[in-house]
Amino acid sequence: MHMKFSYYPGCTLKTKAKDLDAYARASAVALGVDLCELPEWQCCGAVYPMAKDEIATKLSAVRALMNARDLGTDLVTLCSACHNVIKQVNNDMKTDADIALRVNNYIKPETPYAGETNVLHFLEVLRDRVGFDELKKKVVNPLTGRKIGAYYGCLLLRPSKVMAMDDPENPTIIEDFIRAIGAEPVVYGMRNECCGGYVTLENKDEAKKRSNIVLESAKVKGADTVVTACPLCLYNLKKNGGCEGVDVVYFTELLAEALGVK
Amino acid sequence: MSHNKNAAAVEQILRSSGVDVRKCMRCGKCTATCPAFDEMEYHPHQFVYMVEKGQIDKLTASPSIWRCLSCFACMERCPRQVEPAKLIEAVRLSVIREKGANHLKPEDIPAMLDEDLPQQAIASAFRKYSK
Amino acid sequence: MQEMMKNRAYALLENGTVDRVLGWTRGEFAYDMTPAVFRNADEVKNGFVYNDFCAANLSKYLVKECRAGGKILVFLKPCDTYSFNQLLAEHRIKRDMIYVVGIECFGKADVEKIKEMGIEGITGITAKDGIYTVSTIYGDKAIKPADVMAERCLACKSKKHVVYDELIGNEGEVVEDCNRFDMVAKLEAMTPDERYEFWRGELSRCIRCNACRNICPACTCEQCIFDNPNSGVSQKAAVNSFEENMFHIIRAFHVAGRCTDCGECSRVCPQNIPLHLLNRKFIKDVNTFYGDYQAGEDPTAKPPLGKYEKNDIEPGEAGGAKE
Amino acid sequence: MQRIGVFICHCGTNIAATVDVKAVAEALSHEPGVVFSTDYQYMCSESGQTLMREAIREHKLTGVVVCSCSPRMHEATFRKAAEKEGLNPYMVEIANIREQVSWIHKDMAEATEKAVILGRAAIAKVHLNKPLKAGESPVTKRALVIGGGIAGIQTALDIAEAGFEVDIVEKQPTIGGKMAQIDKTFPTLDCAACILTPKMVDVAQNEKIKIFSYSEVESVKGFVGNFKVEIRKKARYVDEDKCTGCGLCTEKCPQKKVPNEFNMGFDTRRAVYIPFAQAVPKVATIDANNCTMMKTGKCGLCAKLCTAGAIDYKQQDQIVEREYGAIVAATGFNPLKPDKFNELGYSTCQDVVTSLELERLMNAAGPTAGTLLRPSDKTHPHTIVFVQCVGSRCDVENERGKSYCSKICCMYTAKHAMLIREKYPDTDVYVFYIDVRTPGKNFDEFYRRAVEQYGVHYIKGQVGKVVEENGTLKVQASDLLSGEQLHIDADLVVLATAVEPDKSARSIATMLTASMDTNDFFTEAHAKLRPVESPTAGIFLSGVCQGPKDIPETVSQASAAAAKVIGLLAKDKLTCNPCVANSNEMLCNGCSSCEKVCPYGAITYSDKEFRGPNRTTLIRRVATVNEAVCQGCGACTVACPSGAMDLKGFSNRQIMAEVDAICKM
Amino acid sequence: MQDVKEFRPTIVAFCCNWCSYAGADLAGSSRLVYPADVKIIRVPCSCRVNPLFILRAFQRGADGVIMAGCHPGDCHYTSGNYFARRRMTLLFSMLDYLGIERERTRVEWISAAEGAKFAKTMNEFVATVTALGENKRLEDLRCKK
C-alpha cells in the first residue's frame, strides 16, 4: 500500500517545531505514506481571518490549495493552526460564492478554484487512510504503561461543521491513536479548551492560567504525558503552564518512537 | 436602531462579520463557555447585544477586543448560530483598520520574544492585532 | 423467407393453433404491400406476400382483430414487437388471443428513394442475391438495397424481438449506437428562430389527412379528441398555422412515453413531414431527464409520465434554447 | 341556455373604492345568459344573501356569479344560500375581485376592466356548470388508535364510551407509554402511576377495546370510513391467552443481564420479562435477542416452569387484517439523546443524566426504590444543577437540536427541583434557564413555589461546560443578571432534553398519507380551527405526535380527537366531494394511464359490453372512478389521451371557457 | 418616434387551489401590487393543467402562461405536482424545440404562505413577457380582435 499526498508543513515546522515535522516524515516513510512537500508554499497566516471582507489574508492558503489541486493530490497538514486556516479557507471557497469570486478575481488562475482540494490532517491520514489497526501492526516499540492525555486544543475540532474531524466535545481520534501505539489514553475534561493561544504575547498571566487549567485537568486523571499537534499549544503548556510530572510532546514524536524511527 | 448615529458602524460590523445578531435568544451559553471571561470587560453575549443596540463606541474602546482567544468555543456551542467570535473580530478589525491604530507594533516585538516562542505566535498576533 | 412464413401459417392454421393470419398482401402497385387478414390456407397461398416493401407495422391491427374473437397469428419485425408490447401494457390487445411469429429484418426499402433515382413506371420488384431488380415499363433496372433503405431503418434501434412465440430467422441485438437522435440534436443546436422556420416549413405542408394518426400504433383511442365535437378542441382540417402546430404538439404529447419510435408516422405522411422528429424529441428528453426508457421494451415498466422522482428536473432548468 | 344572476359585492369600500362596481354590474348584464345583474354593499351579509335568494326566485335563475372576495372565503356561504332557494350549490361561481383586483390595483379604470374580465370568465364557466350531487359511502364503525400511551388510552376510552369498537396498536409489550415511567405529575404532584394505571385497567376491561400489544401497523389501505389495515403482531414467544402474568418465568430466567429499558438502563431485567408490575396486558414477553434458548437452543427453563404452558419458542409474527372507519395517530415522543451536546458531559460523565432518567432515579418503583442516588457511586447528591432547553430552541441551521420549544421542560424541572428540596432539604438545587415558560393553569404559581417556598436557585444563564474531576462535576456557567461566570462543584447534572416525535411516526404518516412538518410532527388540518384532524380525511391526531404538550393538554386533545372520531363513526354514510373525476366509458381506452397517476387508488377497470357496429356487441376494458375515494385532484384527466376522463366542477370545457373569456380582450 | 400604443400582455395564471391560489389571496390581503395583466384560473391541483389549456390560451390571445402549484413534496394530493412537473418539463421543451419562446411559459411553486413570492413572480413574468412582445408564433389570427 502506497499513499501519496501533498504536504504543507508551515513556517513553525521549519524553525521552532522541527521535531513535529521531522518525526512525522520519518513515521510516514515507515508507514508507506509519501508526503511530498508542496513547492513554494507561503505562510498560511497562522489564524483564520473570520471577517467576510478579508480577502488578501486568505490568498496564501488558496494558493496552497490550488497547487494541491493541480497536482491532483489531497493536501496534508500537520500543525493544527495551519490545518484550521487552510481547511476553513477551503470551505469558504466551496460555500461562499462572494469570497470565491473575489479571490479568483485576485489570483486569476487558469481554472478558478472552488474548494476542490481535500484537506486532511496527518491524524486523519493515520485514522482514515493508514488505519489505526494497520498502524498498530507496524508498532515495534509499543509505549506500554504510558498514560497519555490527548490535548486537542481549539483548532483541530472547531468549528466542527467545517473541520469535521471528530465530535467536537467528545473526540476520540487522538485517544485511538494513543491506543494504537500501545499506550493508555487518559480522557480529561479540558482537552478541548484553549491554552491561551497568541494572547501569550501580551498577557502571559492569561496564558499561564489557561495552560495550567488544562494540565491540572490531565494530571488529576493520571496522565504522565500530554500530546499535541500544535507548536503554540506546546509552547504555552510547557513554558507558561508547566506541571510537575506531566510532559508535553508532539504526537509525532511518540509515533516515531513507537515505530522505532525516532 | 436604523436611525442610530452609529448605524453605519453597525452596518459595517454586521457585514464584515456576517453575523445575524437578531438570532440571539440571550441564553448566555457563549459567556458560560468563554475561557477569557475573567479578562474581559464586555463578555461575548454583551458584544452581540451591544452591536444590536448600536453601542459600537463602547466596544471599540474596550480592552475586551484584544482578549478574545479566537478559540471558537462560543461559535461551536451557540445553539442559535450567532457566532460571537466573528463579531468580536469584526469590531477589532474596525479599530485596527484605522490609520495608526495598530494594537501591536513591530517595535514592541523584541521585548516579547523568548527563545522558545514559535513564529506562529507572532504571525497570529500580527494578524489579530495589526493591519 | 416468404415461403417459410407461409409454411408456418399453413401449419398453425392446420393444427388449430390460430384461426386467422395477419400479414401483408399486394396492393395497387408492385411496391405497395398492405396489411391483410387471411382466414384459411387458400387465402394465404394466394394472397400472402412478404418482401422488403412490407414495411407496415401490424401491431395496431391487432386491436381490432382481438375484438373479433378467435386466435390470430401475426408476423412481427423486431421494431414492431415494441409496439406490440406497448399495446399489451395498455390493455389494448389480449396476449392469449395472439400467436406472435417474430421475423428477422434487415431493413425495408423506401419506394420514394427509388423514385428519386428517376425510376418511373414500376411494374414489379424482385430481390435476389442482395440486389433489387426493378421492372418498369421502360425495362429492368438493378439497384442496391442499401441505396434505397428507409431512413428509419438506417437508424434502426433494435434487431431484437422483445416478444414472440416463435422466431423465423435469427435473433438480433439491440443496436446501442443507432444515431437516431442526431437530427434532434442538430435542431436543438439551432437558434429558436431557425427552429421556428424549420418547423413552419415542415408543418405548413400538413394537409391534415390524419394518416400519421391512423397508422400510429400508439394512437388507438376509441375516439380521438380531435374528432370529438364535445372535446372542445375538435378540428376537421387545420385552418391555420396554430391548428397545424396544435394538432402535432398534442399528438406528440399524447404519445409521449408511449411512442416506441417505429417511424410509421413519417413513413405514411404523403407530404413527407419528418413527424418522427417530434416524437424523438420527447424520447430524447425523457432519456436525458428521467433516465433511459424505451417504450415497449418491458410491458410491466412504469411509463415516464406515470411516475416521478422527488428531485426531478424543474421545467425551467430543462435544456433550453441555444443562443 | 342558463339564466344567470350576477352580484357585485362592494365589500364596504374594500372593493368599491377601487372598482367601479356599478360599471361592472352594467357591463356584465350584457353577457349572454345574464338575466339579472346588480351590486350590493355586503353580499355575504344576511341581507346580501336574501337579495341573492330573492333574485333566484324572481328571475328563475339557473346559475349565479358572485363577484366578491376569494372563493376560499365565502364560496361555501353563497352556495349554501343558493341551496336554500333550491338551486344546486354547484351552480354558483365566484369571481375574486377583492384579493385579485381591488386590493392589488390602484387605477380604477384598470381594476374595473379586470373585474369585468374575471366576471366574464365566471359567467362562461357557469354556462357549462352542471348540478352536482355528492355521493355517499358507508362507514365502518370501528376506530384504530396507533399508540397506547396516555393519549391513545384516553382517545380509546372515550370512543369506547360512546359505544364504538376501538383497537389500540402498541409496539411495546404493554400500554402506558412515557407516562408510566414518570414519577410525579405537575402541577399537583400526584403520582403518575396512581392516575394512569386505573385507566390502563379500564382499557383492559372494556369490552369495546381490543389491545394489540407488541404489534405494529404494517399497511393502510382505503379511505375515510373504509380503511383496511394490516397489523403485525410480533412474536413474543408467549401465548397471550394462556399466560396468567404470574411472573414465575421472569424471576427464574437465568439470563439476568439485559439492560432494563423501562428503568432507562439503570438496572437489568431478564430475557423473559414483564416491563413493570401494572403492565397491560400483564403477559410475559421473550426478548429473542437475549434469550439463550432462542439463540442457542439450550435452556428452555421458562417453558419447563410455566404451569400454563404459555411459552412457545416457535411462535411467528402474525398479520391481522382489520377494517376501520377512522384512525387516530397517537405515536408520542422520545426525549432527544443529548449526545450532540457533549460539552455538558452526557457521554463522558455517568452523573450527567436526562430528566426522564431522573424520573426513574426518583421513582419508588425505580432502580433505587425512590432514593435519589448518583448513578456513579450510589451516594446522595448534595448539589444538583439543572440545565434547561438542551436541544430545544436551536437555530434551524443548527443540526444539533430542534427549533421548537419543547414546552414541558420548565414545568417538570420545577417539579424535580421542588421534589428534591422537599425530600432532601440539605440539597442545593440550581436551575439554569433561558426563559421560564409557565403558561397554564396554576403553572406559574407552581414555579414560584419552587423559588419562594423551596429555595431553588433559578439562574438566568446557561451551562457552557461540565467536566468530571475526582467524582465532582465542575460546572462552568453564566449568570447573565449578575454578569458573572459561575463555577459550581455539582454532584449531579440533569439535562432537560428536547422532546422529539417517535421515530416510527414518519413511516406511519406515509402509510396514512398524513402530512408532517419538518420536525416530523403530524400536521393538523388547520392550526387553529381543526387542531386534532389531519388534512387527510379520517385521520385524527392525539397527543405529542402533533406537537409538544404536557399531560393535561394531551388528555384534552385525546378526548377532542375521540369526539371527532365519534362524530364520524356516528354517521351511517359519508357525503363525498362531488367534484370528482368521471370516466366517459364510450371514450375510455382502458389503457391504465389514469390509474398510474391516481394517488388514492380510486380507479378500477372492468370489462363491459358495448354495442358494436352492425348489431354486434363487443367487450371493452373501461375505467370506473370510485367517487368515495377520489379526492378530485385531476391528475388522471391529463394522463388520459382520449379525453374520456374529466373532472366534475373543473371540466376541460369549463376551464377552456374560462381561458377563452380571459383571453378575449 | 412613432406613436405606438404601449403593449400590455395578456397573462393566464393557472393556480392550484391549496397553495398558489391561497398565495395569491395572501398577496392580495398583503396589498402586494402586481400588474392587472395577470388573470388567475383556479384549478384543484397543478396536475389538472392540461397542455391543451396552455395551447388554448395562446391560441385565444395570451402572451404568456404560468402555472403555479404547491412546492414539490407539499402537494395536497401528495403527488399531483410531481406529475405536473414532468408534463410541463416535456411540454415546454417541445415548445422550445418548435422555436416558440420558452420565456412565455413558466412554472413556479408558491405556497399559501408565499404571498410575496406570488407578487414577485407575477411582476417578473409580466416584465419578461412584455419584453418579448406579442405572441406571434402560437397565435390564431381568427381569435384576434
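Going in written order, the chains are labelled A, B, C, D and E, and every chain counts its residues from 1.
FYI, a contact is a pair of C-beta atoms (placed from the backbone, for glycine too) under 8 Å apart; a residue touches a chain by one contact, two chains touch by 3 or more.
What you are looking at is a predicted structure, and each value in this text was computed from that prediction instead of being measured.
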Chain E reached from chain B - shortest hop count over touching chains: 2
Closest chain to the centre of mass proxy, which here is the mean CA position: D
Chain located farthest away, centre of chain B as origin (C-alpha): C
Of all other chains, the one whose Cα centre sits farthest from chain E: A
Pair of chains joined by more contacts [C-beta pairs], B-D or A-D: B-D
Interchain centroid distance [CA atoms averaged], chain C/chain D, Å: 53
Chain A-chain E separation of Cα centroids, rounded to whole Å: 56
Distance between chain centroids, defined by C-alpha means - chain A, chain C (Å): 67
Euclidean distance of C-alpha centroids - chain C vs chain E, Å: 36
Numbers and ranges of chain C residues touching at least 2 other chains: 225, 233, 305
Junction residues of chain D - those touching two or more other chains: 343, 465, 597, 639, 652, 656
Sites on chain E at which at least two other chains make contact: 51-52, 56, 79, 83, 87
Contact pairs between chains, per stated definition: A-B, A-D, B-D, C-D, C-E, D-E
Residues of chain C that touch chain D when the two form their complex: 67, 89-92, 220-225, 228, 230-233, 254-255, 302-303, 305-307
Footprint of chain E on chain D - complex, ascending: 70-72, 96, 98-101, 103-107, 110-111, 113-114, 117-118, 121, 513, 515, 535, 579, 597, 599, 631-635, 637-639, 647, 650, 652, 655-656, 658-660, 662-665
Chain E to chain C touching residues, read off their complex: 51-52, 55-56, 58-59, 72-73, 79, 82-83, 85-102, 105-107, 137-142
Residue ranges of chain A in contact with chain D within the complex: 161, 167-170, 187-190, 193, 217, 220-221
Complex contact set, residues of chain D against chain A: 339, 341-343, 345, 347-348, 399, 465-470, 474
